[in-house]
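Next come two complexes built around chain A: one with chain B, the other with chain C.
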Partner chain A sequence: MSRGLRAAMRPYIAAFASRFLQMLQYRTAALAGFATQCWWGGIKVMVFAAFYGGTAVAGASSPMSLAQAITYTWLAQGMLVLMPWMGDPEVGQAVRTGAVAYDRLRPVDAYALWFARSAGWIAARLLPRVALMAAFAAVALPLAGLGDWAWQLPASVAAGAAFLLSAGLALLLSTAMVMLLNVAATAALNERGINAVATPVVIVLSGNLLPLALLPDAWQTALRVQPLAGLMDIPARLYFGQLSGWHAAGGLGLQCFWIAVLVALGRLAMGRTMRNLQVQGG
Partner chain B sequence: MPHILVDRLLKTYRISERDPGVMGALRGLVHRRHRTVEALSGVSFALERGELLGFIGPNGAGKSTTIKILAGILRPDGGRVEIDGHDPFQDRERHVARIGVVFGQRTQLWWDLPVGDGFDLLRDIYRVDPQRYRRTRDELVALLNLERVLDQPVRQLSLGQRMRAEIAAALLHEPEILFLDEPTIGLDAPSKLAVRDFVRRANRERGTTVLLTTHDMHDIEALARRVIVIGHGRVLADSPIEALRAQVMAERRLVVDFAQGAALPTQVPGATVHARDGQTLVLDFDPAVTTAPALIARIAAAHPVEDLRLEGLAIEAVIARFYALHGAAEA
Partner chain C sequence: MGAFPLFLRLVRASVGGQARYPASALLLTVGQFLGTGIEMVAVWALFHRFGSVQGWHIGEVALFYGLVNCMFAIADALGRGFDVLGTEFLRTGAFDRLLLRPRPLALQLMGHDFRLSRLGRLLQGMAVLVFATHQAPIAWTPATVAVALFALVGGIALFLGILVLQGTLAFWTVESLEIANVLTYGGVQAAQYPLALYANWFRRVLTFVVPLACVAYYPALAILGKPDPLGAPAWMGEVSPLAGFVFLAAAFGAWRLGLRRYASTGS
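Take a look at the complex of A and B:
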């Protein structure tokens, strides 16, 4: 990185790192989250097994094998915190207490600072949970003789690399969405109502509840291009090698497109909100 | 050119209201009622480089609003602000890099981060040269007695520790101007003294221009040469503290303890009886009419006196009287 760029990025890198390290303190929360996700993952795996086993037809014509569906489930459970169903609670708190005034006092781009901070918040919850989930579903389950229920390796090395890149983009995409929630919380001076609305929409449309491929055929085109697909569906398709070559590039490009759109939208909304924001009280 | 110029500043807020109770809440769903409140109606003043100005006024007078506008986080509805000849809203980033702000009732350090890490984060946010930062930080830590709290998360600090840390945080980038909005609110006596001492040093030794709001008149007495009294969004007085005192504090108070069993005088020529309690008589007098020695001599000649105390009116009383005089107390 050139010196000028590093100087320019310094506040944002620091905000990301501070939030990341701060979140790593909360070990109990990470373990509790992991336990919950294992539990739900186990239930979903069993539901898939029953579904695939019950109807031979479903197994034959399904766009996804049972082993893939199981791997998908573990992946989705590990990446659950990418679901943007709530704004960064620290932003919510800053808005409620009026500490948000201080964010206006920093000689930096206010959107970028919050973005870096929220990205750190998400990343610090994502990485430990993915690691724990991999240890459980990819290592512990096969060792326990439950290889049929395990998290399988990606289709190829290239597929794995494309997945990692796509997961990184999913983090940025998730952050861009969280930023919209942050701005909405700022405008409403309260974040709770917004969080409640976001949850069901996000979990279905991202593909976290079920692979999007298993949803009705008539919706497939719309489902594949909508922004939430970039959080889970696109990384997973790359993982399984279902998107390769130009299709892979297209998937990554679609993620980049939505990041750009949502960041632009977020900046616009934040600029407007901040102008109207009156920090309350004496 | 003044360092800070404030010219006929106007600001109104729109406040939503609703009637109390369930019916009020339901009515509020259909029809929102708003009321406009004039927070500032033509505030003007100028501050030279290196000055230390105390800003006082009742709650809701417009002090914080003025600070928020000067800091560039709230746009005025009218009037003009210039900081060192520049409009703070034209080039926000440049403006905020040169100021430090402490809002006494809010916190700028991240709640769950140790104080030292919070300082390091501000170093990077303000892009302060690391060497220079170390020097400034060490100096601030020593002066504000923060060595022991550097490893502690902000949420574990006492209010006094937190406020000292907040003040250090506002100065890490060595700002030219320091805005302090109620920096001593809720602090115990030693912390108040430490904060005052530090602000005075920053002003004298570094030449930092300081604008401070407070309800603690001892802050003003200890720190500010010049005081602006604001009420109902207007400047009511802008004068050296001594002049303000002379203007409102003409009256002084004599407390006399009479000997056991002695009869208390019902009237004392040249003074008014403020209160009587057992053998104690509290008298107010105007030194321009009756001098203190004359008054004391007169009383001591006629009555057996045990003890005498001469008091200036407490500065709180002076200010309360000043507010009342101008009808400025909060409605």
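Take a look at the complex of A and C:
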């Protein structure tokens, strides 16, 4: 990395790091979230086991095996905070209190600054929860004799590597969506209504509710190309080795494409909102 | 002013306040409707792919689902004061003001922030009940309606009891802990499917510890006229909702213990 580029990136890296370290302090919230997700995951696993176990044909008519559906469930619970169902609360607060004016005065790119902060906000909540979930579902469950319900390893080393790369892209994609929500919150001054409507859409279309492959076959084409699939569905398909070779590259490419589109949209919307922004408070 | 008119007045004041922001209230209600409705998408998609599960069909499962959501919607609107007790009352010291008023404490908390948006979940639950009626099909006779209403009231008591316990916990922690969501939202999630699907230990938890099965599963069996695959007697569903009231009474017992321990934060 050239020195000029590094100097240009410094404020954004600092913004990411400070928000990351700040959010890591909320350990009780992480533990409470983890407990909730274990319970949720456990119920889903039992429901899957019942549906799959009912008949011999059930397994055949399904595009994924029970073991995969269970691993998917734990993966989706661990990566829950990747779901962009609300804007960064700090941005919403800055808009309400008028602190947003300080951000406008800084000699840096406002979009990139918020992007870096929001990415730090997501990453700091993501990593501890994934680690806890892996410890619970991949290590503790098999030790407790519940190996059938455990989180299995990826299909191969290559699949695991592709998954990690894809999860990184999912973080960027999620941040790009959170940025759109941030801008919407800025324009509306109130983020609660927007979050309330965004949540259900995100949960279904990302594959967090159910693996997208288990939704009706007739919808599959549309489900696979829409941007929210890049948050959970594409990383999971790579994990199971269902996408390999050129298909894997295609999945990663699709994620990159949607990141580019959403960042462009976000910059445009932010520029427009900021021109009309009236700073609140004194 | 008597206790009940006071409660009604508190509710009216709270609803009136929300009506001042009609767009926000409407969006939140629509959000609740959609947000709680997506679970039904999961149920529907699973039945669409697998046909049936252990002899259960979608209409029957929709009955559990609709009943549980109606119960929780009402209890959640009533129990908001207990839900936010830690952050909004104990931390700020506003709880002292409630204690000074010569009116029942529980009533004041139940009237606090009666949220209109819970109507979204209620409507969604009712829509699913209509779907269940057509799909199962369910014959609504005076007897089955009575069982359903009894289950509904018992369920409201049970969920309110969970919220009261959550508030009680705040006497020790002085903050509202997300962990209670395991029993509220997680309870709704668990009670949406037939009890027979679950592992044995989990069935016992749902029957004897947090008796969600007593307010949803057994009454629904009685309404459907379906024998319990686990072998519970047929009259079970007609009396089991009582467990919800027992739970609520126990929760208020714990509440009184916590209250005795309460010391103002002094802020």
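Note that in this section the second predicted complex is superposed on the first by the 280 of 282 C-alpha atoms of A that agree within 3 Å, B and C clash if a C-alpha of one lies under 4 Å from a C-alpha of the other, contacts with A are read in each partner's own complex, and residues count from 1 in each chain.
FYI, contacts are C-beta pairs under 8 Å (C-beta built on N, C-alpha and C of every residue); 3 or more make two chains touch, one makes a residue touch a chain.
Since the structure is predicted, the reported quantities are computational estimates derived from the model, not experimental observations.
Asks: Give one of first, second, both or neither to describe whether A:147 is in contact with chain B, with chain C, with both, or with none.
Replies: neither
Asks: In the overlay, answer first, second, both or neither for which of chain B and chain C A:253 touches.
Replies: In the superposed model, A:253 contacts neither chain B nor chain C.
Asks: Under the stated touch criterion, which partner chain does A:11 make contact with: chain B (first), chain C (second), both, or neither?
Replies: Only chain B; A:11 stays clear of chain C.
Asks: Now for A:22: first (chain B), second (chain C), both, or neither, which partner does it touch?
Replies: A:22 sits against chain B, while chain C stays out of touch.
Asks: Please work out whether A:113 is in contact with chain B alone, chain C alone, both, or neither, and reply first, second, both or neither.
Replies: A:113 contacts chain B only, not chain C.
Asks: Tell me which touches more residues of chain A here: chain C or chain B.
Replies: Per-residue touch count on chain A favours C.
Asks: In the superposed arrangement, which partner chain does A:89 touch: chain B (first), chain C (second), both, or neither?
Replies: After superposing on A, A:89 lies clear of both chain B and chain C.
Asks: Check whether A:33 is in contact with chain B, with chain C, with both or with neither, and answer first, second, both or neither.
Replies: second
Asks: Name the contact category of A:275: first (chain B only), second (chain C only), both, or neither.
Replies: Touch status of A:275: first partner only.
Asks: Given the touch rule stated above, what does A:101 touch, chain B (first), chain C (second), both, or neither?
Replies: A:101 contacts chain B only, not chain C.
Asks: Could you pull out which chain A residues touch chain B in their complex?
Replies: 7, 10-11, 13-15, 18, 21-22, 25, 90, 93, 97-99, 101-102, 104-108, 113, 275, 278-279, 281-282
Asks: Considering only the defined contacts, which chain B positions touch chain A in the complex?
Replies: Against chain A, chain B makes touches at 13, 59-60, 63-64, 68, 71-75, 93-94, 96-97, 99, 101, 103, 105-108, 110-113, 117, 120-121, 123-127, 182.
Asks: Hey, which residues of chain A end up touching chain C in the complex?
Replies: That would be residues 29, 32-33, 35-36, 39-40, 42-43, 46-47, 50-55, 58, 61-62, 190, 192-197, 199-201, 203-204, 209-210, 214-216 of chain A.
Asks: Show me the residue ranges of chain C that touch chain A in the complex, using the header's touch definition.
Replies: 23-24, 27-28, 30-32, 34-35, 37-39, 41-42, 45-46, 48-54, 117, 177-179, 181-182, 185-186, 189-190, 193, 197-199, 202
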